[in-house]
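Chain naming follows the written order as A, B, C and D, and within any one chain the residues start at number 1.
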Amino acid sequence: MTTTHTEPTPATDAAASAPQPLTMAGALNAALRDEMAADDRVVVYGEDVGPLGGVFRVTDGLQAAFGDERVWDSPLAESGIVGTAIGMALYGMRPVVEMQFDAFSYPAFEQIVSHVAKMRNRTKGRVELPIVIRIPCAGAIGGVEHHSDSSEAYWASTPGLTVVMPSSPADAYSMLREAIRSDDPVVFMEPKSRYWSKAPLTLPVQTAPMDRAQVVREGTDVTLIGYGPTVRTALDAASAAEAEDLSIEVIDLRSLSPFDDETVSASVRKTSRAAVIHEAAQFGGYGAEVAARITERNFFHLAAPVLRITGYDIPYPSPKLEEHYLPTPDRVLAAIAGWEWDLA
Amino acid sequence: MTTTHTEPTPATDAAASAPQPLTMAGALNAALRDEMAADDRVVVYGEDVGPLGGVFRVTDGLQAAFGDERVWDSPLAESGIVGTAIGMALYGMRPVVEMQFDAFSYPAFEQIVSHVAKMRNRTKGRVELPIVIRIPCAGAIGGVEHHSDSSEAYWASTPGLTVVMPSSPADAYSMLREAIRSDDPVVFMEPKSRYWSKAPLTLPVQTAPMDRAQVVREGTDVTLIGYGPTVRTALDAASAAEAEDLSIEVIDLRSLSPFDDETVSASVRKTSRAAVIHEAAQFGGYGAEVAARITERNFFHLAAPVLRITGYDIPYPSPKLEEHYLPTPDRVLAAIAGWEWDLA
Amino acid sequence: MSLNVEHHATRTLPSEKPLRLLDNAGHAVDGSETGGFSLPPVERLLELYRRMVVARRFDVQVTALTKQGRLATYPSAYGQEACEIGVISAITADDWFFPTYRDSIALLTRGIAPGEILTSFRGDWHNGYDQHRYRTTAQATPLATQALHAVGLAHAARLRRDPIVALTFLGDGATSEGDAHEAFNFAAVWQTPTVFLVQNNQFAISTPVARQTHAATLADKAVGYGMPGYHVDGNDVAAMYAVAHAAVERARSGGGPTLIEGLTYRIESHTNSDDPTRYRKAREVEHWKRRDPIERLEKYLVSEGALSDATRAEIADAAESLARETREVMTREAVIDPLELFDHVYSRPRAALLEQRAALEAELAGAAR
Amino acid sequence: MSLNVEHHATRTLPSEKPLRLLDNAGHAVDGSETGGFSLPPVERLLELYRRMVVARRFDVQVTALTKQGRLATYPSAYGQEACEIGVISAITADDWFFPTYRDSIALLTRGIAPGEILTSFRGDWHNGYDQHRYRTTAQATPLATQALHAVGLAHAARLRRDPIVALTFLGDGATSEGDAHEAFNFAAVWQTPTVFLVQNNQFAISTPVARQTHAATLADKAVGYGMPGYHVDGNDVAAMYAVAHAAVERARSGGGPTLIEGLTYRIESHTNSDDPTRYRKAREVEHWKRRDPIERLEKYLVSEGALSDATRAEIADAAESLARETREVMTREAVIDPLELFDHVYSRPRAALLEQRAALEAELAGAAR
């Protein structure tokens, strides 16, 4: 088998020199395009990723650009998609597969948990699976049932998986390229409600390594932790808090597994208070791990318990009710106001 | 459709009057038998539950006793088993289905998460699914790969499910009967390593309601929380600690979802220190929720961070290495000794 | 199961050419093409015609309302009326139906009110009708999952000796899912009274059926389960009804499951948010529009002198009045209490949920102040 | 895929009677029973005989060691040698093999050392051999999952224009899983060079095959995917080899996947922890023992004068020496470093795992002190 690994000559290089406004969907598309151009082992398949370009258009134009041996529509079966990706990776390919929505990754659960996550360890590192499983995730898009699940806790609690979630177009581009280059399987979660958010970008852009959290706004009184869609919520809360003379530091987690203890603990030791925001239900949600490990590692630096501002412990609601479910900046500020501040 | 719901005349009533030593597997078997006798809507099916009596013999003799229209071997497909149970429940049956091991419930993940958990809410309570999904769980039985997973965090973090795990024969009997009588779906987890543990019992026995945690040993210095297989670990640690004048209160959680905040918080407020033990990996494991909610609700009563004594963040190891992976009483005591006791 | 009499596996290949009773010009066909089925009586066909016309009017109305933003989404069945109405009309009110998102018009035929059908698509709540009352489950989104529910219910009914049938619809794409296989297999092994309709509308969103299967027909799948399979012209409502009716009666009398493939075409986009120009040619759509299932039956009824102007007008009136009702109900905003979010997750209240409910209640009260 | 030439769906029903080349008395059969396949050359058959004898000796040895407690578990393939050896012998070292827990003897035939095969069953580590070196994946436990891996690998090879084949084994029970269906379907749609062997040993643990399928044969499933299916006497190694060889060569030359059912019987219990007296009669086992695949071929070879006493002795020696090697390797405890637990989960070290590793290291040091 011959494989060509050309060193990165991104297709976007020439085209984009001055910053161009780019959506997250566009940035992801560019990342796929550039990585496919750089490495012919990268293939893209899944449901409707070919001529349609995916239901969110993240794979738009890729089949036209790279042909149907690099990008194709598979039969409609998620276990089949992930299961065949394992075989393709075993043969030296680097498959990037798409699950259409969080809830439609569940048929692939066994392949992901029992094989994708365990293969490297099973074989003492002799078999690597450089697979990227892209999952458009979370809600706030007015989707009917099954279209707004937040599945991150399932993946993040599974040893052997790397789980990342960008919150901006720049990170989307940089982290997806890094995920494809990773020799480990990556669950790459794309917050649907941010797909059409824009930022001016010159490609290729390289942001921080995908396993590091980032302080996206500095502050002194509270560490507010978000990821994916809730980074925006956290930033909005921080802006609003400014008016009340409350200085909030916002951390974008970026990597759910591994967890960047270093960055988070440093911030918490500075502010002595932390809160985490996510859309998923609270009970057993990812925020539980965030709260537990911050507390374990910084207990004597904490002035108050770590707060979780999350969805309720109910199934994701129907479109007309999601506004009541989703954590808002107001809800964040109310929760923070509820701390026993005088005890600090 | 006619259904007969005879009031409980347990098949075991007459037979057992003086306490008899009974294994957990035997107690579960008796619970199934008694509930099937009491309610002809209860049916039992799954892989090898008929003539073989299940690979752990929990359904031993049931097909002979109730016939093959009440107990039968299904085709080998877990999604099919759970999916058809949904249809049977819809028609007024109360199916009790068996997944052969935790890891083999994963093919049923979509049916459990997208339907079993959500049906009641989806239909505003018009459709109830009184299904019990029995899962022999966790490790410490020298099982080869895929036979020792701890899947509880997946289920417990899914809104709509009730998740319980007995640690003793008496609870196994009482809780399984209650689970079958519940109008909500219950994921009933059975710790494999405890199947052959014995206790003297007179059936029928009724223990505390299955949604309540139990203080199984009183103490004053530390609250040690276990469930299923780790209750034994916790009790052993508590006995050993006695020698060192450390008084450990042990809580058997019993119900993973819902969580009995009342019982746990009361104990923690008394001891001011808490630790939780489980076999599953630590990161994103169920212990994260335990630690997070104890801390949220009792922060100013805590003298130290809630400890998690758990498996490592790795796939469950092969039989010869599991002793190094599993939390032991020694490891519990070492962790407790590591607290900054002088700060208390 | 002791209920199992000796059943022998059916081992017949479905005909590669879809069987039909009426050709596209509305003429009755004969002999080899019919697969041995005969034309239903004309009164039955007239009733099917009425249902199809009303169903189409509803479908067109809802698509229009969706374009106006009154619904979150709507998957149209325009062009699939022969499959939808022909097959749903083969079961009785005592039988059960397990539909998908695509099958709103079959629900309508089942007597469910437009407002209740559309509760989910307009985003009010996940499901809007009483599943027990209509013996019709929520329109399933996770593909092929509902087929297993149909098999389980049918099995329960069989154990109870209740002579009812469970009917379920699947798309061509959904047949690729593992759950479709498990449903076919459980039904065949347990010999449950289940009828599977695969509506082969030739696309799963953008993916053509040629990328879903290498088999000559989707009905061929039946062979691997030892059950009868039929490959039927899905735009011929007479054939769809006749084949489904026979399958339903065989199931009811203990003869086990049947797989029916209706070969049809999705005229509209997948849902309102789809752009079909990306993956198919207008010419192809035009070709299928010329094979319209309603027109085909209409030609036959007219040629038989069975469709008077009065009847035609009466049906049009009924269709219009349903469209009006649909518009009206979709104009009135439903009253939804956000606090109900917490009320149906479990049968008994949970402390943590009551806390969260109280928090939202306080928040709403604060906002109202 | 542009690789797709016009493939036409195979639409032939496999013969209901399993095809065979040798009858139970070791006589070559003729005409209708052979399905058009011919007996492999006698040297080939002699080699298959040698492999089967050696494999059986290994299997018996490992079962004995398991009873002595040297292994955590061992699923024996006693009685299934014609399927295992006949089919594995049809691929080359360049091809890939995706086995299950049942297929240790096929691995042996593939050149993997007993100690490496048994690493997992003795509980040392999940997998003991180099998958790339032997082009053989770990023996899969989650049923049918490996079939998809075989399809994926075959597809990758096809895209690379590498003329290799991916062979995978499944049990009769495993065919009920959704993954089996998805694997068959992906393979057929993508026309991958994959050969599926279903070893119908008539039981899935305790569940008889009649509770897995209502079809006349498991090979009938092939029809639903438009691929060729063969129903073969799984105790006739000549037939198994001939059919598999043809399927492998068709796959290699771009002809797509094949499904082969070998009808055989599991003579031993499911694993050492199983109690087969609960679900099957000794009489049935005796019946199948009289249909032993090795004896059948032996009779043929003897009648052909192809099995000299010298050869027989030489084969027995080889078998004994392998058994000895197996005993020896299973007597030596493998050295396993508990700290390796942390070393292979990810390609790059993770801080949290290093912390946990250090903790265990300290614990072990403390215990050693």
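Convention: a residue touches a chain if its C-beta (ideal position, glycine included) is under 8 Å from a C-beta of that chain, and two chains touch if they have at least 3 such contacts.
By chain, UniProt protein names: A, B = 3-methyl-2-oxobutanoate dehydrogenase (2-methylpropanoyl-transferring).
Since this is a predicted model, take the numbers as computed values, not measurements.
Enquirer: Centre to centre, using CA atoms, which chain is the farthest one from chain B?
Expert: Relative to chain B, the chain whose C-alpha centre sits farthest away is C.
Enquirer: Count the C-beta contact pairs for A-C and for B-C, then tell me which is higher.
Expert: Higher C-beta contact count between the two pairs: B-C.
Enquirer: Between chain C and chain D, what is the separation of their C-alpha centroids in Å?
Expert: 43
Enquirer: Find the geometric centre of each of chain A and chain C from their Cα atoms only, then give the gap between the two centres in Å, rounded to an integer.
Expert: Spacing between the chain centres: roughly 37 Å.
Enquirer: On a C-alpha centroid basis, what's the spacing between chain B and chain C, in Å?
Expert: Going by mean C-alpha positions, chain B sits 40 Å from chain C.
Enquirer: If you average the CA atoms of chain A and of chain B, how many Å lie between those two points?
Expert: Taking the average C-alpha coordinate of chain A and of chain B, the gap between them is 32 Å.
Enquirer: On chain C, where are the residues touching two or more other chains?
Expert: Where chain C meets two or more other chains at a single residue, that happens at 125-126, 142, 176-179, 182, 185, 189, 211-213, 345, 350, 352.
Enquirer: At least two other chains touched by the same residue of chain A: list those residues.
Expert: As it turns out, chain A has residues touching two or more other chains at 74-75, 77, 79-80, 103, 106-107, 110, 114, 118, 121-122, 145-146, 159-160, 259, 283, 312-315.
Enquirer: Over in the complex, which chain D residues touch chain A? Could you list them?
Expert: Those in contact with chain A are residues 1-3, 125-127, 130-132, 137-138, 142, 145, 147-157, 159-160, 162, 166, 178-179, 182-183, 185-186, 189, 340, 343-348, 350-352.
Enquirer: Once bound in the complex, which stretches of chain C touch chain D?
Expert: The contact residues of chain C facing chain D are 7, 9, 11, 13, 16, 176-182, 185, 188-189, 191, 211-216, 220-227, 256.
Enquirer: Over in the complex, which chain A residues touch chain B? Could you list them?
Expert: Going by the criterion above, the answer is residues 79, 103, 106-107, 109-110, 113-114, 117-118, 121-122, 145-146, 153-154, 156-160, 257, 259, 281, 283-289, 291-293, 295-296, 299-300, 302, 304-308, 312-315, 340, 343.
Enquirer: In their shared complex, at which residues does chain A touch chain D?
Expert: Interface residues on chain A, with respect to chain D: 1-2, 43, 67-69, 72, 74-75, 77, 79-80, 82-93, 95, 107, 110-111, 114-115, 118, 120-128, 159-160, 162, 182-184, 258-259, 261-262.
Enquirer: Show which residues of chain B lie in contact with chain D when the two form their complex.
Expert: Per the touch definition, chain B meets chain D at residues 47-48, 50-53, 55, 73-77, 79-80, 103-104, 106-107, 142-147, 283, 312-315, 317-321, 324-325, 331, 334.
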